[in-house]
């Protein structure tokens, strides 16, 4: 299942045209999300936090959607992540993330 | 207790000389770390992740130390955070964070 | 009046659903823009500079619009800000900001 | 006088070994700090804001020192800049900048 | 020819309204791309790498297009650049860049 | 030989304590630096460019040293990389990189 997380349109092309890169990304993904002690859901929230803090629209939207669809992560849980983004990264990425979150929920 | 988390040397000066800023930061901190659904420890790991992904030596060290001292967060838990940093932010911030983590543990 | 500056669509949802976050952001905003010595207009130009330097399309556009509408800040004043962005942050954020500025002026 | 602003140790080497780069940086500096409408001091505060928001220790310290030495910019004026940094870029760059500012003042 | 590289729509306005800035950018561009030892194509790939690593959609697309049109840089060469972006800057900017590259090729 | 490039102190600990992460980083490194068309030296200059543009002292120093030691990359070649950094990322990272480069050469 984890493979599907990053298997977006972009990665489909990578798999076909550059299989060596694809294999490295799969391996990297497995190593990233197979923590020793933290569960996968917590790690997913962490990935969401990093992309939101970096103000990256596209990555943050993808993370929010896969969080809600694959892990039944709720809006309130995502907002609890964004609270920390507000503190550590300021108001602009927080407002942007809240706007993207609200558009997804509709 | 939460107040102490950010009450470093820098903030001591802020409290004394700019109490209005200090109050806003305290309020911001409370709102950030008083999530509705996620526990404080998870939010702490998220803050650690964001500062590590941003390659910010000083902030990341402070987050690691307060994580270990106040929350008994283990090295393996921090490494599980850094696995996600490797995936989302690349090798340089990951290596830097691992080096800082190892120096703290000594 | 200052409240309206950040009272965009995203913040309307925050006010309704997460009033504690909203209050902290209002307080933070007040503390940020109530400097001891610099006037509000200069601080506004500083906020514009930071978002432009960070290449954040959405935040930079909002800052430019509120700067021109609320403070009668002129295009030449904004360009003087962007001159510093060119020096400190390079050509890509400068060109992006000039493009956004030109689209607003039309 | 403006030339001296960026004429640090690094630039001395550039001037000697790579005069073409040096000339371009001088020209860039002149164009950046010779605004049409904003005065040089305001532009200096803007440069300080951008480097502080980017959490760049070295550049931020240099900006603070040249601001205070060349323009008689006060600590309170710099703190008014950092208030905006807190709002737009979060607590870690704010705390770092306050710490650097306090160390300079001693 | 080099002048045309950055002569986009945004720069056309700069040339007309702020000729002093335009001249500085032209000079900066010449100095940047007139290396002593590296050829122009290699420097172009480096500019592409930096904008892709910074996750800047607009700048990265412009760099990819001018790379392919002016220098006959191939898709495989750009992918070789993006391999390094994956290592140094993580999966999100890599996937974004691959998506933009695939859309250009169509 | 490539393995040694990233085999710093930090990675020695990773290899011993977290072999799964180490293996993924080795694989990632191999895929990054085994381009189809660009040679390894060009890719190395690209990695150097990205870390310099990101103003990351530690990573940029490591890249410069391994560039000079392993690939006989000259100072002038690195300066040609930094010319592009000046254009795309502004004066502060350029000056910082020139300073680090000069300190290495001594």
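The letters A, B, C, D, E and F name the chains in turn, as written, and every chain counts its residues from 1.
By our rule, a contact is a pair of C-beta atoms (placed from the backbone, for glycine too) under 8 Å apart; a residue touches a chain by one contact, two chains touch by 3 or more.
Source: prediction; values computed, not measured.
In terms of the stated touch criterion, the partners common to chain C and chain E are A, B, D, F, listed by label. Listed candidates were C-E, D-E or A-B; the one reproducing the A-F interface, defined as more than half of contact pairs identical by residue number, is D-E. The centroid of the Cα atoms in chain B and the matching centroid in chain C are 27 Å apart.
The geometric centre of chain A is 35 Å away from that of chain D, both derived from CA atoms.
For the pair chain E and chain F, the distance between mean C-alpha positions equals 20 Å. Residues of chain B found to touch two or more other chains are 21, 24, 28-29, 31-32, 34, 51, 54, 59, 79, 83, 86-89, 91-92. Taken as a graph of touching chains, this assembly is complete, with every chain in contact with every other. Contacts from chain D toward chain F in the complex involve residues 6, 8-11, 13-14, 17-18, 21, 24-25, 28-29, 51, 54, 56, 58-59. Those residues of chain F lying in contact with chain E across their complex are 28-29, 31-38, 42-43, 45-47, 49-51, 53-54, 59, 74, 76-77, 79-81, 83-89. Chain F meets chain C in the complex at residues 86-92. Residues of chain D that touch chain E in their complex: 20-21, 23-24, 27-28, 30-31, 34. Against chain C, the residues of chain A that register as touching in their complex are 55, 79, 83, 86, 91-92, 94-96, 98-99, 102.
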